[in-house]
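Reviewing the structure listed below.
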Amino acid sequence: MQLNREELIKAYQGMCRIREFEDAVHEEFASGALPGFVHLYAGEEASAMGICLNLNDQDTIASTHRGHGHCIAKGCDSKGMMKELFGKKDGICGGKGGSMHIADLTKGMLGANGIVGGGPPLTCGAALTFKTKKTGNVAVCFLGDGASNQGTTAESINMASILKLPAIFVVEDNGYAEATSSDYSVGGNIVDRGKAYGLHAEKVDGTDFFAVHQAAKEAVERAKNNEGPTLLHVKLSRVYGHYEGDAITYRLDEETKDIKDNKDPIKIFKRKVTESGLLEESQLEEIEKSIKKEIEEAVSESKEAKYPVESDLLTDVYVKY
Amino acid sequence: MQLNREELIKAYQGMCRIREFEDAVHEEFASGALPGFVHLYAGEEASAMGICLNLNDQDTIASTHRGHGHCIAKGCDSKGMMKELFGKKDGICGGKGGSMHIADLTKGMLGANGIVGGGPPLTCGAALTFKTKKTGNVAVCFLGDGASNQGTTAESINMASILKLPAIFVVEDNGYAEATSSDYSVGGNIVDRGKAYGLHAEKVDGTDFFAVHQAAKEAVERAKNNEGPTLLHVKLSRVYGHYEGDAITYRLDEETKDIKDNKDPIKIFKRKVTESGLLEESQLEEIEKSIKKEIEEAVSESKEAKYPVESDLLTDVYVKY
Amino acid sequence: MSKKTFRESINEAIKQEMRRDENVIVLGEDVAGGAGTKGDQDAWGGPMAVTKGLAPEFGRERVIDTPITESAIIGTAAGAALTGLRPIADLMFVDFMGVCFDQIFNQAGKFRYMFGGKAVTPLTIRTMYGGGLRAASQHSQCLYPIFTHIPGLKVVIPSNPYDAKGLFVQAVRDDDPVVFFEHKMMYDDEGEVPDELYTIPFGEANFTREGKDVALISMGRTVNLCNQVADEVKKDNISCSVLDLRTLSPLDEDSILEAVDETGRVIIVDESSPRCNVATDISALISDKAFSSLKAPIKMITPPHTPVPFSPALEDLYLPSADNIKKTISNILN
Amino acid sequence: MSKKTFRESINEAIKQEMRRDENVIVLGEDVAGGAGTKGDQDAWGGPMAVTKGLAPEFGRERVIDTPITESAIIGTAAGAALTGLRPIADLMFVDFMGVCFDQIFNQAGKFRYMFGGKAVTPLTIRTMYGGGLRAASQHSQCLYPIFTHIPGLKVVIPSNPYDAKGLFVQAVRDDDPVVFFEHKMMYDDEGEVPDELYTIPFGEANFTREGKDVALISMGRTVNLCNQVADEVKKDNISCSVLDLRTLSPLDEDSILEAVDETGRVIIVDESSPRCNVATDISALISDKAFSSLKAPIKMITPPHTPVPFSPALEDLYLPSADNIKKTISNILN
């Protein structure tokens, strides 16, 4: 644990912000206030934060359908995101993208993605830019266990391998792709796949922020030292269903209980930092409170914000047409 | 070497037939008599024959753009094939398919394929039919080192793995995909990839008919015993260029010479069977002569055969429309 | 005969065909749901529960949950079709065609031709299309014009539960590869649907309204919009026929020309993007073959040339509307 | 100015743009050729040698041979474009779109819209289309209607070496994703091409012939067929205009309507499959917007609704021909 106080606070803030955001979306969706197709990241916070705290605004991430956590960890504005989810004009994408297409290029956030396996090829592209321009940056790709089977993932890992791109593939294995277990869908295993394509690959405990942070740190160093790409197989759990509305009948209640009780990365982090005396309980509660307020405001502001109008319909398709 | 005399003769006949066929196509193309886009299999004969001698007409193969050898090994009629290459109505596909689309479903030959990586998914399909109908057959897929990178290949290997399909993926690694070396394009290595997706995988010397035959035999047995799919990484060389017309400047002359002198599977086979006294030289020469005649006839008959006519233009698109 | 939803109608079609023919199998992501889990082994039946109940009845050998690998899904189905099964593959959202189109258009769709007429590929691909669910740019497209463009494929697009069952059964029994388009906003639509098996032949469009002033030609969900408009403008003494194309490939040219002949005025309503879409296809057919019957320009009502917006406010503006159709009717009548 | 082939014209455009702008890179299968081999490190320049000579001049950092993984190629190019490079990705044959279309139409083509106008994706995809090489069903398709259908993409299709250079330079400099179609039978076509850099703006069609009896509208290789026919029928006192669309998206509607206005009779020649293609798109546009100028049915000359045959005998019958155009001209004049 080589993180300083400030970094630990940032980590906790980020994880809490993600959790609060997702809990709020869960409620607003259930009440019918929030439209669309939403996939919540709650339970996986240590991955996004453990990775992204090693990155700067010029480093990039490519994300997934389950992207809110990655966006927040990479520094996207939570209010702009919430407005986007509500389809409002002040949303981070003008209301045109919604949950699955949140992006903020100024933060190096290259977009959530509605296509499973859509992000890996794009990650090679960002990494190629960094390599070509010798910027010293790194391009990270988040993908799920389900996406690890998609052909685009294999192609991209190979491309990154042979071009020695500064890229990191973070396979967030939450045990399920929709209602299908990764035990069923993933032939062989994910770390071996990374190695078989020539990457440095390792398995990481995704409930432990510190483990993710350390593995990511080493991966970023390798990338920046031109030692090639890394694959991290991050084992973690999602709290909610695949998407909002999922009855989660494929999961036994005791498994969900176990996830909440024993695999919650925020609880685990909190215990670690308080038990070791790195941060005090009161400090953490302060953070929790202020984040709670931030997200409550995000929701209420989003509800009041204006929708885009007819003149917005035809814009933003081309730079020039 | 557990093959009997008859099998050895069949093997030699098949390899010679492929070589003669390809040599003839090479000449006819160079002279301008033969149209289209042709990729020759000469030099790789031990793979097609070593595999296909373990299969019956109900077992299937899916092939590639370099498909003539696979077709002949699986029992397609060499004259029908030659007529097809000449675009004649009596061709095996009525002249509609040409070199890259030769198929004969009655022989379990599911088609050459113009799309690199097109065959692996189809192979899973044939294997699924066998599994569903419990026919006890096996589905084989030939693909190149270049195709081993294609996403469809990874997807198919995974699909075969998790559904435990009776499938065999034969990666014919001739060292090149077009003008690109497999040393460059293949990150990691092919056998490890197979294993990482949960397959039995091994490397095989593709200049040695007996090695291929043995590995294939074991793979077929595994498939038929419901022990899951196999990947064979068969190392071999192509004699000619990527396609006819390729100046092969990416290969040094000494490499081509080495291929012809030391990696010719037909020469190697011939030496082995004569030295060990399994077959006599004269017998082999008899075979060579009769095959030569067969192919000469195929060419001359093809040249004389009729082209399809206007009334053929609109047929064969749908069963019913 | 009883009232069934669009969802139930397709579910029943699949079930009954699976009972009738053991070669029929279903495969796709979570077509059962629950594979490898400790929970419900019929957890989903696809994201819209259309295939729910199949796994318990037919077993996982015939109702196959797959990894998220659409090329392998479609390719497996195509290869299985080529070798003796009648697979129903689930592409889920048609927007995912981009990761597997090769297996559809270069493989399944061309086998028969490339192999000189010797292949039979009885493959059915089910897929969801269209806007209205606030599912944004990558989950709301129509894309059927792309499939219609490809020789060797058949394209089916029912507008109601009755047609859905009859056309689906035909798709399964058909010996050519069929892409079956289901509008994601129609699954709860209800209609009378016979309990027994029946087929509706491909290439036979259906006049859902008769009329003599204007012909509204459409497909899938927007047929209902046209029906609604036809009923509404009656009170203004405007008589519209509505032609439901039912299948885009093959296309019932005769019924289209008949509709033109009877009215001389045509509006084509198509939810797909406006360039090179089905509306242009029908319009061009009419200009070519029924030019002299035309009394007015052929009008097309489609979304604008933009991706599908997420915001409900924009998506409602994006989609073809009854208002828009009515305005166009009164324009071409004047 | 000097005589150059279509191949040389594109090669020169790429070279000069790479010299001018260090952000321009080229990637694809064997765009140099020879990667990892002991032989020539500029062995191919693509299968048609269009990119030959680039690797020696610009090095392998900017001329990147890739594995055969089109999704990764296009996606890498798209991601690079999104982050500051101007990649030219080689899709080789457009028939291969089926393994990578998602990265083109759901990713690159929608970034800007989905991200609310904040993304710029200056990506150029080069690709070969069309028949005539006896390359059979999977290597002879046109498929540009599919790309034209997709909002967010631009589609460029030059008919001669001069246009090829000017349009290619515009494609590279353009801030939107462009798919650049090169007919595989045109690489040896010659024409006068300036040595210096110049651009031809998108959305400006070109009248290659003026005429007042019939307008022939076309794109890419078939423009030359139209030119030839226009010249030949002159001796029968038939005056044809020929409009070369140059870009299919954006489309120069004004020039199309002008062509209709001046002639009242239109024939659209399009090598792509007949359903939902560019011919139907243009025809529908005309019926909608220039109906009253029409003196005859709008005719379309396209191949039949079949895959492209291999046999030279069939392929020659399959492709649009001068004879066919001439017959159609005399039909609509009577």
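Labels A, B, C and D are assigned to the chains in the order they are written; within every chain, residues are numbered from 1.
We adopt the following convention: a residue touches a chain if its C-beta (ideal position, glycine included) is under 8 Å from a C-beta of that chain, and two chains touch if they have at least 3 such contacts.
On a predicted model such as this, the values are computed, not experimentally measured, just so you know.
**Student:** Would you mind checking which chain's C-alpha centre is most distant from the centre of subunit B?
**Tutor:** Result for the farthest chain: A.
**Student:** What is the distance in Å between the mean C-alpha positions of subunit A and subunit C?
**Tutor:** Chain centroid spacing, subunit A to subunit C, equals 35 Å.
**Student:** Provide the C-alpha centroid distance between subunit A and subunit B, rounded to the nearest whole angstrom.
**Tutor:** 45
**Student:** Using mean CA coordinates as chain centres, what's the subunit B-subunit C distance in Å?
**Tutor:** The mean C-alpha positions of subunit B and subunit C differ by 39 Å.
**Student:** Where in subunit B do residues touch at least two different other chains?
**Tutor:** 91, 93, 95-97, 101, 113-115, 149-152, 155, 158, 162, 184-186, 317
**Student:** By the touch rule stated above, which residues of subunit C touch at least two different other chains?
**Tutor:** Counting only residues that touch two or more other chains, subunit C contributes 66-67, 69, 71-72, 95-96, 98-99, 102-103, 106, 113-114, 136-138, 151-152, 304-307, 309.
**Student:** If each chain is a node and each touching pair an edge, is that a line, ring, star, complete or other?
**Tutor:** complete
**Student:** Quick one: which bits of subunit A touch subunit B in the complex? Just the residue numbers, please.
**Tutor:** The contact residues of subunit A facing subunit B are 149-155, 157-158, 161-162, 184-189, 192-193, 195-199.
**Student:** Under the definition above, what is the set of subunit A residues touching subunit C in their complex?
**Tutor:** Against subunit C, subunit A makes touches at 35-37, 87-89, 91, 93, 95-101, 113-117, 146-147, 149-152, 176-186, 248-252, 255, 307-310, 312-314, 317.
**Student:** Using the touch rule from the top, collect the residues of subunit C that touch subunit A in their complex.
**Tutor:** Counting only subunit C, the residues touching subunit A are 29-30, 33-40, 43-44, 47, 65-69, 71-72, 95-96, 98-99, 133-139, 304-307, 309-314, 317-318.
**Student:** Note which residues of subunit B are touching subunit C in the complex, please.
**Tutor:** 60, 62, 91-97, 101, 103-105, 110-111, 113-115, 118, 120-133, 139, 151-152, 155-156, 158-159, 162-163, 315-321
**Student:** Provide the residue numbers of subunit C that touch subunit D in the complex, in ascending order.
**Tutor:** The touching residues are 71, 95-106, 109-110, 113-114, 136-138, 145-146, 148-152, 249, 251, 272-273, 275-281, 283-289, 291-292, 294, 296-300, 304-307, 309.
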